[in-house]
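After this come two complexes, each holding chain A, first together with chain B and then together with chain C.
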Partner chain A sequence: MTLVLTSLALLAIGAATSLLLTRVPRLALNLGMLFAFVAAVIAVIAAGDVLIRSPSQSTYEAAWPLSLGTARLSLDGLSAWFLMTIGVLAACVSIYSVPYMSSAVGREPVPVFCALFCGLLAALILLVCAADAVLFLLSWEVMTLTAFFLIDFHHERPEVRRGAWMYLVATHLGTALFVLPLFGILFARAGTTAFSSFAGALGSADRTTLMALFALGLVGFGTKAGFMPMHVWLPAAHPVAPTPVSALLSGVVVKTGIYGLLRLLSWLPPLPLVCGEVLLFVGVVSGVMGVLYALAQHDLKHLLAYHTVENIGIIALGIAVGLLGEATNEPTLAVLGYAGALLHVTNHALFKGLLFLSAGAVLHGSGTGEIERLGGLARKTPANALMFLIGAVAICGLPPLNGFLSEWVIYGSLFSGSIRGIGASGGLPAVGVAALALMGGLALACFAKVFGVVFLGTPRETGLQTHSIPTGMKTAMAALGLFCVLIGVLPSLWVPLVRSATIELANVPMGEFSTRIDGVLAPAIRLSGMAVLFVLAIGGLLVLRRWALSRAARRDVGVAPTVATWGCGYTQPTPRMQYTASSFASSLVTTFRGVLWPERMFAAPAGSFPATAHVETRAPDFAEHELFEPVFRGVARLFAMVRTVSWRGESESPGVAQSAAAHRRGPVRTLTIGMVSALRRGSIQVRLLFIVLTLVVLFLCEALSSVDRVHTTTGQDYQHTLSVGVNR
Partner chain B sequence: MTAVRAVLFVPEMLVVLALPPLLMSVIAKTKAWFGGRVGPPWLQPYFDLHKLIQKNAVYSKTTTWIFRAGPIISLAALLTAATLIPVLSNDSLLGFSGDIILLAYLLALGRMFTVLAAMDTGSSFEGMGASREVTFGAMSEPALFLAFVVMAVATKSLQLSEMIGPKLLPEWQIAGPAMILVVGALLVVLLTEACRVPVDDPATHLELTMIHEVMVLDHSGPEFAFITYGAALKFTLLGSILVHAAIPHPEGFNVLSPPLRVLELGGLAVLVGAIESAMARFRLNRVPMLIAGATVLSAIAVVLVLMRRTV
Partner chain C sequence: MLQSAIDSILVLAVLLNLAMLATSRMAACIRTFALQSLLLALLPIAVGLRHETIPGAHAFVITAGAVGLKVFLIPWILLRVLRTGEIHREIEPFIGFTASVMLGAVIIVASFAFAKRMPLPTEAPTDLLVPVSIATLFNGLLMLVSRLKAITQVLGYLVVENGIFVFGLLLLEQTPVLVELGILLDLFVGVFIMGIIVYHIRREFDHMDTHLLDALRES
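Right, the complex of A and B next:
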């Protein structure tokens, strides 16, 4: 715990230093990121200490200066697992940020960026270590706001403002409407805000309360995590943020939603089966739709943002199996599901962090993230290509990298669920298996597209500059890539670390866990063996190839070994003839057009001498345009009707402006709208009418609720209401 | 698992690795027989491999190390997968609980690198083939995994050698219809993954209509030998899963079992050759329907096998 406090203190110093050194931005950047790096490493050490040793909780309590309660920090297995994830990614990102942001020194307020970066990191650490509802919500809010300002860093661009705004609105709606009520109910039942008291207070809760709590948590934390259809802020905010921030957003900020959900589940007694089934459904939808939308994107960071939605879906599948296991008292299932979800949390942070950093390096070097304009980068920046390839293989869940390990555990949990007949007698886990398989195949298609088009082939645009990537950025990516490889090849060193966090979630004793996890670990060791075998096979084939080629080279000396690509007879290929990313994805996008609704604008070449042709495809987000936009437009219209002040430049409020459609309104709507707009115009008679109506309603309520109270209190209430009304 | 079995694995593995080109030859002979021709010699695929390994390789100027790594990683993934699949006996060399997932993802790894090697050439033809390969590959994954679910539920195991082993024998008596559906789905997956008619025509001569062949247009010499051999090995491995699931042999080691398996695989090759002779390749936009059909077959089989247990 001392280590965590040290880390927080360092971050505070880092933030203060960078703000004090505004005049020397380069020094501020170096110092701020140094502090962030050291703090992140210390956080990893603190977390690793808890994870490696047997779970020993150490709690730190501080008297709260305000009268809200006690600020409790504690580091249990679950906190430590997320703290480690945050620390590892943040350490790499802070190394990466120094060269990445140094090009912006002088043009943009880099010291402010550093201060916010330290602030975000501190909020994240505080959030996962908080053991008190008030402290949790406070750091939740600090995290939201620092992340907002970081996303909004390039605020001169309109799409950046839009993305940042969407993020702020979405997470605040989730927090205000769902997370706050959730903690309200918990506080009401427990009588205190300490996390430790929640579990006991919920032991006797009835089914309805439990399900209500779960639903609130699912929507509230799910907004942060990006479950479909609450994911709309992710593809808007991730791409517009500066790259280090995108990596942190996708890697860890989104995961705080998962952390919140898991923290809630650790308090709840085994939930009804339906909760797990709902979460499984949410996971399937998020996963499959996330990867399908990713497939249809044309922008590198947009695509990666949708893959975050997919991977959150995979994590949800794991948690869902954990819930099903708890509900049916199958500890093996609970352990497998939760362990798989937790492993995927970390693995996703690592490979998605790597992919975002690598995509950032592409942006940094070429100045664009548009997939169709890039090409042939593997020749210009081979190191970055290798890094992206490692990330791509890992995110597709392919062996022998880390993505395979966690997907393997989640597959195992789903198969076990089916074998044991849990969740609609085993049918739902089978759906999960099929969905996960489909996600794997589609992710492979998507990353074959990205890597093939951006890094392979020849450059599509001659004008694009490519400068080399600074060593600092390469170091950060190499570190993340190394983690991806090591976890995948040596799972037996890694999986035991998830032990204490899983025990807390699955509610199984330590001895029980050891026997259960042995069944999982024994095959995990075999994965290392298979990796060795795979490398040996590669080595053997390389030797064979070298032997064959050298023998052939000795025989036919002077034969040109390199020629142009075979063009089926055409000998003058140009870069523009390469297959494009849209063409590559089009067969899948067309196959899944029933769920994706892609838009296609096509101007066919016409006439004997066609001059131009034009084709444009995009896949607008269904949830954003069909679900939330109508709702928010309706809300905006409602507010426009009651708004009495309008700023200049706005011609007419939309509620009144669309009078063309007014005659089609029914009588009820006409009356309501008429009255509301009359109120808005400030007609005194209508206001008086409202006061009278309010009074009548109040009288009726009072009269209906209790006859006794009418005699004693109505008079006062009447007086009070009337005075309020008159004061207006 | 006795020491004798461990020793016997070495010759078994050698036979498994030597068998694939012969199966290709069986398919070619079948097609020749349907066409009224004599067909190439039985050992022609071996001659082809020998010829290719002696040749020099020619590389396109656009390619990078990915192009050279593609065939090697793909074949290495298949060789690793070969140790997990029971081919001649009821056991696999290195099987463990959960190996089916590794197996499927090793095949996917091979697909990823074949596709990337194709994209590395910058040719639009190869891009086209790559796009089709990932499309059909992605769509066949659910069919394969749902078939795995059926066999996992039936045998209560996650190890391939057990899932398609003797434990499946009673399942054929109790849930025969489900197993028939699974075998049907696996056949479609085999035809898709191994790029045979009606998904892909390995004998077509127009690049526009190819899938697998167009992706490997630029490969030559030893690397093309790896690819040719890898395609045959993939057919053999997926074919043995199909054959083992369709005809489970009883428990224990039987001297007759391995030769019988070779004959069954030969029978499968004849069947594939007959399919190729009897029907044309589907139009490319109809192929997803075929694969979706296989997924539906697997899904119905899952329902059947789950219902049987609850009743």
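Right, the complex of A and C next:
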């Protein structure tokens, strides 16, 4: 516990020093990041201590100066797991930030950035160690605000302001409407704000209360985590933030939502089956839709942001299986589900951090993140290409990297749920397996697109300059890449660390963990080993090829000429003939146009000597434009009625409501208009369709209302047999 | 043995539903329907055999009626309309074939989920009976909604009736044979009239796409 406090103190010192040294920004940057790095390393040590030498619950208490009770800090397995994730990523990011931000020295307030960075880190550490509702909510709020100011760092650009505001509005709505009532209910039941008292107070809660608490947590923490309909702030805020902040946002800030949800679940007694089923559904939707939207993006960081939504979906799948396991009293399911989710939390932080840092290096070098303008970067920055490749292979869940490991455990949990017939008689976990496989395939397509277009081929634009990447940035990326590889290759060192956190969540005895997880893990280790051999063989072949080529060159034997990648067989290709990212993804996007609703503006070439042709595709976010925009516009209209003062330029004020595409015909409008006009025209099929829909609704009503009836009748039968038995 | 025979008949009937959604040739679709009807017509006897050694005359009458009508007479009428009506022999769907099969599969899963919760008056002879009947019913409705031509719509109605027929097995003992025969007669008359109408639509308008019949609406 002292280590955590030391790290917090260091962060406070770091923030203060960098604010004091505003006049010498370079020194402030170096010192601030040094403090952040040391604090992060100390946090990792503190967490590792708890994870390895299983928990010796240590708590720290201090009285608030205000009348808010006592502030309690404690470090159990769950906290330690998240603390370790935060520490590892933050240490790498702070190394990376020094060279990345030093180019902004003199132009932008870098010391403020450092202070906010230290503040965000401190809030994160405090958040996962808090054992008291007041402290938790305070650090939650500090985290939100510091993250907001960090996202808004380049606030002179309007899209940055828009992204930052969306983040602030979304997360505050989630906090105010869902997280605060959640803690209100908990406080009312327990009578104190200490976390340790919540579990006991909920032991006797009835089904409705439990479901309400779960729903509040799901929506409130889900807004932070980015579950599908509440994810709108992620693709708006991630791309516009400075790269170190994007990495932290995607790697750990989003995970605090998962932490909150897991912390809530650790207090709740086993929930009804339906909660797990709902979460599984949410996970499937987030995962599949996230990766589909990612496929349709043209901006590197936008794409990575949607992949965060996908991975949050995968984590939700794991948690859902854990819930199902708890509800049906199947320890295997609970252990595998929670362990898979927790492993994926860390793994995602590592490889997504790596990918964001690598994308930031591209941005730093070329000045743009638009995929269509980049190309051929592997020749100019081979180290960065390798790092991006490692991250991409890991996020696709391929062996032998870390993403494979956690996805394998989640696969295992879903399969065992399906075999045991849990969750709509095994149907839902089976759907989860199919969805996870679909996500893996689509993610692979997506990263084949990104890597192929950005790093292979030839540069698409001649005007783009490429700087070399500073050593500091390379070091940070190499550290993250090394973690990804090590975890994947040596899982038997890594997986036992998650034991205490899993056991706290799954409520099983200590010995259960290894017996349950080893059977699932053994084939994964074998597969990883084979993949390592495969990679080594490929590497050997490459070395052999280079050696043969150099020998051939020395002997002056004719060697086949090298041609441009994506040359498609032309002998004289130009960079414009290459595949573009959109054309690469186009077939998949077209296949899924029913769910994505991509927009396409197409001006076909006309005449014998066409002068201009133009095609543009976009995939606007469904939840943003069809769900929140109408709601927010309605709210704005409502408030316009009571507002008497208006100010200049209010129509340009940022936020969801005033986004540009006001007159867009989205899927909902298209469907409604199509339905109404078809009904007016009086097509037989449409009339029949309405009859069928009525029938379906009636069936559904009957099905839902008959649930209770079935329950009561079986109850009576049971009582009847009981009394018969007694009479005999 | 008998139980597994009933179950396999029901499973085959569901698969034939999907086959009907997937076929693009109308004649093949009609023949698939005939095959499904034949399989389902065997069910009353099979269910009867489960209860007593020799099924009652009731079951035999229904089987004979169903075979006669739905396996021979109605497909024959439809195929004849197809021939004499010189209809373009391909089905023109609103919803593509792959998408229809997907939807059909979703319907099957949903009907299994629903059937569990349905309160039933009597106990079903097998667990599959109710889901299969609901799945057949809704697949028929899907055909009705998604297909363009009058003749495929007739086929849709027939599939819906097959679904109801399966459901009727639940009430095999309770329903008087007269009612069953009445239903079959209704079906026959309906198809007969539809066949004539389809023929006349073609004679009058030279096509039989139902969505072009909108021109007839009062305005």
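Methods note: the second predicted complex is superposed on the first by the 594 of 728 C-alpha atoms of A that agree within 3 Å, B and C clash if a C-alpha of one lies under 4 Å from a C-alpha of the other, contacts with A are read in each partner's own complex, and residues count from 1 in each chain.
Quick note on the criterion: a residue touches a chain if its C-beta (ideal position, glycine included) is under 8 Å from a C-beta of that chain, and two chains touch if they have at least 3 such contacts.
Nothing here was measured: the structure is a model prediction, and the numbers come from that model.
Contact with both chain B and chain C is seen for A:427 once the two complexes are overlaid on the shared chain. When the shared chain is aligned, chain B comes close enough to touch A:412, but chain C does not. Measured by the number of chain A residues touched, the leading partner among chain B and chain C is B.
In the superposition on chain A, contact of A:628 is made with neither chain B nor chain C. Within the superposed three-chain model, A:688 lies in touch with chain C and out of touch with chain B [touch as defined at top].
Contacts of A:703 after superposition: chain C is touched, whereas chain B is not reached.
Of the two partner chains placed by the overlay, neither chain B nor chain C lies in contact with A:351. Taken together, the two complexes place residues 427 of chain A in contact with chain B and also with chain C. Within the complex formed with chain B, the chain A residues making contact are 375-376, 378-379, 382, 385, 389, 393, 396-399, 404, 407-408, 411-412, 415-416, 418-419, 421, 425-427, 430, 433-438, 440-442, 444-445, 447-449, 451-453, 456-458, 519, 522-523, 526-527, 529-530, 533-534, 537-538, 541-542, 544-545, 548-549, 551-553, 555-556, 559-568, 573, 575, 577-579, 583-588, 590-591.
Of all residues in chain B, those touching chain A in their complex are 53-64, 66, 72-73, 75-77, 79-80, 83, 94, 96-99, 101-102, 104-106, 108-109, 111-112, 115-116, 118-128, 130-132, 134-135, 137-142, 144-146, 148-149, 152-153, 156, 158, 207, 217-218, 221-223, 225-226, 284-285, 288, 295, 299, 302-303, 306-307, 309-310. Contacts from chain C toward chain A in the complex involve residues 94, 109, 113-114, 117-119, 138, 141-142, 144-148, 153, 210-211, 213-214, 217.
Touching chain C in their complex are the following residues of chain A: 424, 427, 681-685, 688-689, 692, 695-696, 699, 702-704, 706-707, 709-710.
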